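Presented sequentially are two complexes of chain A, the first with chain B as partner and the second with chain C.
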Partner chain A sequence: MSIKLGLPRALLYYEYMPLWKTFFESLGAQIVVSQKTNKSMFDQGAKYCVNEACLPLKIFHAHAASLREKADFIFIPRLRSIKRYEYICPKFTGLPDMIRSSIPDLPPIIDTEINLHKDKSKLMDAFFEAGSFFTADRGEIKSAYQKAVAEHKRYLAQMQKGSLVNDILERKETPQNGDLKIGVMGHMYNLYDEYANISVMKKLLQEKVKITTPEMISQEIIDKKAEQMPKKLFWSFARKLMGAAIYFTEKKNVDGVIYLMSFGCGIDSFIAELCERRLRKSGIPFCLLVLDEHSGQAGVNTRIEAFLDMLRWRRDDESYFSPYGKYLCLGKDPV
Partner chain B sequence: MKRCFLGIDIGSVSSNFVAVDESLNVIDKIYLRTQGQPINVIKKGLSLIKNSLVDYKVSGVATTGSGRELASLVVGADTVKNEITAHAVAALKCCPDVRTVLEIGGQDSKIIILKDKIVYDFAMNTVCAAGTGSFLDRQAARLGIPIEEFGSYAVKSKNPVRIAGRCAVFAESDMIHKQQTGQCLEDIICGLCQALVRNYLNNIAKGKTLEEPIIFQGGVAANIGIVAAFEKELNAKLIVPEHYDVMGALGAAIISKGQYEKKGYTSFAGFDIINYSYSTKSFQCENCPNCCEVIELCSEGEVSARWGDRCGMHSQVRKKIDQAI
Partner chain C sequence: MKVTFPHMGNIYVLVKTLFDELGIEYVIPPMCNKRTLEIGAKYAPEMACLPLKINIGNFIQAMEQGADTIVITGGCGPCRFGYYAEMHREILRDLGYDIEIIALELNDKGIKELLEKMKKLFGGKIASSAIPLYRALKALIQMDKLEALSYVVRAREKEKGATDRIIDEFHKKIKSVYGCKNIVKLIEDTKLMLLRLPLDSGHKPLRIGLVGEIYTLVEPFTNLGIDRLLGNMGVEVNRSLYLSEWIIEHIIKGGLKIRKKQLFQTEAEPYLKTPIGGHAQETLGHSVIYAKQHYDGIIQIYPLTCMPEIVADSILPQIRKDFNIPVMTLIVDEMTGEAGYMTRIDAFVDMLLRKNMTKEKASEALFFRN
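The block that comes next holds the complex of A and B.
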């Protein structure tokens, strides 16, 4: 009987799913992923979370709780830093403790610490620790690690080809046509959780929009662009988003940018503002959507529809100037 | 028979109906309170506006506002348009050179920046509804003043008090405190108007350059206290258009004319729908763990549309009906 390892489909799942899955499966574990976020799961699980937390964290609690009787272990790594001299949101550091203390009757949690702030070689130690739950053979762990890293690289390469994460994970094609190209920015767990973002991505695809996200830009470009900031951004995700925003302003390869922000997110609160200033300065329209627990789609739809109307209107009419230098309205209605 | 075009704006607080003729002159306008009953208000609005349209043939209908989807199903609209575009189109009609549109409605407040007659930028309030019509409504009711007279109290004030403008809940408790300490009503109301304007400019107009001409529209534009507070804060004159309270519906009517010119026919269901019985009911779908709240619209006892589901299982009913037609 293989050990069943539960992976909550939330937070960093979207960043590392192929890595984790390949690693643990190579060690003989059976992976149990929680369902896609849905209302009844959220209602049952989010109550365990402190009230002030952001929506993605509440969603994570719901996913962890839903794995209660389905797995022998739950994997919730304690992430402090995933890159040298960078940090990630402090809520990730406390995540395993938060889950352990607030949700009763959970299977044991594998809470390997990953802290690459000072030393990159610590990464292998972390994998040895996580792997030790399944085998004592360090050689086997090492080969599983190598397989996992190769899989992760493949995953990153697929993203950079322009596929949306959910389409990669579900082995579907991402539609590449559309008359508008929009940069959709935000944390991956907001972009790809349909429940959290009230189907924003689906709506954009329905409206015939080609979506581009920060994941589709290579790490080298992100690093280079983010260095243009007057001070080093030490939050990894902030750096990624800021680098993407600067890339858009320089390349001018998007018609507009939509930023999905979680209400109460510390990083989003200033990065959204910084991105907005940069993008506006270079003439790229910007639209901020704040996500919280509301399930009504009307407000989000109004903003998206108006934003797309504006982009199409601007594209079609903006460049009509008469040779006399005076603007001529062609009287086209934005219908 | 002359042609006319209908615009219907079903908002959270008010529902507006505007009919325009072929040269886009307003034939009639109706302003009603929605009171959470959009279907009844649509029927009532249509039955009222019908009387002034005896010489006209309705050649196009467009709906807007947060109830636009429901309204479009009931009346058979040609176009369903978001409020921002509708408001911008109407503002351009009233003042072709307009650069800034301030719009404060029941639950939303927005700013639209125009450049060369096209929408260049816009913003809407995010999670906060402070400074919108429904908050003013509530405060007027709490103070026992009809909302129509709210503004005239404000302009009488000599020494407006300072009220927290960040949040409606804080503003309310601040107001109660000031009342308890014996400040006079005019000063409190004026202080509230100033607080709301501050809130609007700091949240919604944040980082935007407000260039003249500035149009102020939406139901709250009737409030002379708010207008005065805006003018003082912006040091500019605001234009309140003649049909300020129904601008969304006016914009929709103009859009429906454009749509008619393209399409050549209308799918308007006719004024007979006033006599139809409509009912809505909602149920929770138990088919999957999403537990979507599905809404069902019945006309004359028959299901005519369902919506609200994520998977499309229920909303397909509408497609089948469309195909049958």
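The block that comes next holds the complex of A and C.
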């Protein structure tokens, strides 16, 4: 019987799902992905996590806990750096240790370290290490790796065509019509986890909005725009977000920007602020939604509706003044 | 050019000594106070960590006194501290302050940029600034030793408050003392005064180890002077991090790439395999060391939303279980209330005393959370 490998549907799942799935499946593993986040699962799993952690981390704990009896191994890579001279959030690096010490009775964790900060060639070693759990044949791992990378490239290309990640994974079409174009920014695990963002994406699509996300902008543009920062941004995700924000300010190709940030996110605490300052200066309306486990559907909907109303009024009526002066100042005769 | 810098515990002793020796004009910002934090909390991003907010307050207060250049250190991640300089620049510029920020840091482009910045700061004399730098660092080492000594003395003093008086007097005096020689002499004198204090030899103090994020550990304003609070309760504290060590290990040895593996790293590895930035490994490693040295308890302090410490915080229960040592976590931000904070420390010390009194190891270890 093939080995069952658990993949938590959280954090970097949205970024690397096709890559991991193809890689492990070509090595003969059976992939078990945790369910979509729901309330009972969150309540059962998040209690293992420290209070101070951000919402995505709590969701990850819940997903890992839900895989307890379903998988032989759980794959939680120790990601330190995915590009030369760049890092990702410190919590990702400590993630396997956090999970191991806070959730009891878990199956063994495959915690391959991926650290490309100093040396790009380490990537292959990481794949050999992860693959060694399934086969001893290095040639087989190598061909699985090549297949996985090809799949990942296809995935990236699909994103850049303007499809939302969830639609790609579920093989659906993303509606491309809409009278407003909104840039929705944030980490992928906030944008595509419907439980985390209380269905913001669905709401926007219902409201006939065309969504642009940082994933839809090509890597070269992102890199070029992010270089404009006076100091190099050393977090890979921050570069993507900042690059996208600068791209929006220069192209002015969105009517407004909604930024989804999780409460207590260290990177977003700086990047959301920097993006807001830049977008405001260029006259693009900006709406920051801070997510945590206490956010309510009604409150978020109200804010989104108000934001969209404002954008539509601005587009339709900005230069409109009543020709009948009396209504400009209520209750008094016009001067 | 009037240079200023952010406060961080005793760092002002080092900067003052250095600038005195080099003859650079400087402004020491007012010691961190309520207004500093109010200014900082007003202008800094809401979710930013506490040190950034206090830095902003420091700078604005220093500019009120005529400073026009800021010097700070930096880094290249993954902790947020590496991007502080940019945030400072952005916030102060948008507020309309015309100020220059010199961030001394090593980046991926090599040492050239750092040297150029140092040249600008020191007025072209890089080579001749080596000796003053060395002297200033020596003064800071002395200062940190003085502080460590005060922890031992304070817990055992016969006349309560005597240590505090001497240390307060020292901080008052140092502002009107100039030059490395005189500053070191003042530190030596204060040390002698501490050593001459009458001690209560019968008192067997509780021992508590302080671990956590470095800024909140060394800056008494952020931790509400926890070392003093505990010392005055008759507890001997041991702080895991000192500024001088941090500068020697990270900036000097790290810069020259001759850093060796330290004991805390070996001890932390079973719990956290790799360094993750900030002081997570230090926190875990030192906790293990304290536990092995049979300390009575451990207190972890960190600013709200600190990324590396959250990781350490979630692994600490494992250490508590393995070594059966009580651990308390204190999280500070601009909303920290003094009364609640004091109550928790009081209760923690009470528990430890009780545990010692009964001379039994409690079967269930204590673990407090916010």
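FYI, the second predicted complex is superposed on the first by the 317 of 335 C-alpha atoms of A that agree within 3 Å, B and C clash if a C-alpha of one lies under 4 Å from a C-alpha of the other, contacts with A are read in each partner's own complex, and residues count from 1 in each chain.
The rule is simple: a contact is a pair of C-beta atoms (placed from the backbone, for glycine too) under 8 Å apart; a residue touches a chain by one contact, two chains touch by 3 or more.
Computed from a predicted structure; not experimentally measured.
Asks: For the three-chain model obtained by superposing on chain A, do chain B and chain C clash or fit?
Replies: Result for chain B and chain C: fit.
Asks: Who contacts more of chain A, chain B or chain C?
Replies: For chain A, the partner with the higher number of touched residues is C.
Asks: In the overlay, answer first, second, both or neither for which of chain B and chain C A:Tyr145 touches.
Replies: neither
Asks: May I ask you to decide whether A:Asp317 touches chain B, chain C, both, or neither, giving the answer as first, second, both or neither?
Replies: Touch status of A:Asp317: first partner only.
Asks: Per the contact definition in the header, classify A:Phe263: touching chain B only (first), chain C only (second), both, or neither.
Replies: Touch partners of A:Phe263: chain B and chain C.
Asks: A:Asn38 in the overlay: touching chain B, chain C, both, or neither? Say first, second, both or neither.
Replies: It touches chain B, and chain C stays clear.
Asks: Which partner chains sit in contact with A:Phe234 here, chain B, chain C, both or neither? Use first/second/both/neither.
Replies: After superposition on chain A, A:Phe234 lies in contact with chain C alone.
Asks: Once the shared chain is lined up, is A:Phe248 touching chain B (first), chain C (second), both, or neither of them?
Replies: neither
Asks: Just to be sure I read the superposition right, which of the two partners does A:Pro90 touch: chain B = first, chain C = second, or both, or neither?
Replies: second
Asks: Touching A:Glu305, do we find chain B (first), chain C (second), both, or neither?
Replies: First partner only, chain B.
Asks: Contacts for A:Tyr16 in the overlay, against chain B (first) and chain C (second): which applies, first, second, both or neither?
Replies: neither
Asks: Quick one: smallest Cα-Cα gap between chain B and chain C in the superposed arrangement, Å?
Replies: So the smallest C-alpha gap separating chain B from chain C comes to 5 Å.
Asks: I'd like to check the shared interface: which positions of chain A are touched by both chain B and chain C across the two complexes?
Replies: 263, 277, 290
Asks: Inside the complex, what are the residues of chain B that reach chain A?
Replies: So the residues of chain B touching chain A come out as 66, 79, 81-85, 89, 96, 108, 116-122, 124, 126-127, 207, 254-255, 258-259, 262, 288-292, 310.
Asks: Please output the residues of chain C touching chain A within their complex, sorted ascending.
Replies: Residues 45-49, 74, 76-80, 82-83, 85-87, 89-90, 94, 103, 107-108, 271-274, 276-278, 280, 304-308, 310-315, 317-318, 331, 369-370 of chain C touch chain A in their complex.
Asks: Any idea which chain A residues touch chain B in the complex?
Replies: Residues 35, 38-41, 194, 199, 263, 276-277, 280, 285, 288, 290, 292, 298-299, 301-303, 305-307, 309-310, 313-314, 317-318, 327, 329, 333-335.
Asks: Which residues of chain A touch chain C in the complex?
Replies: So the residues of chain A in touch with chain C come to 49-53, 57, 78, 80, 85-91, 93-94, 96-98, 101-102, 111, 113, 115, 229-235, 261, 263-270, 272-274, 277, 290.
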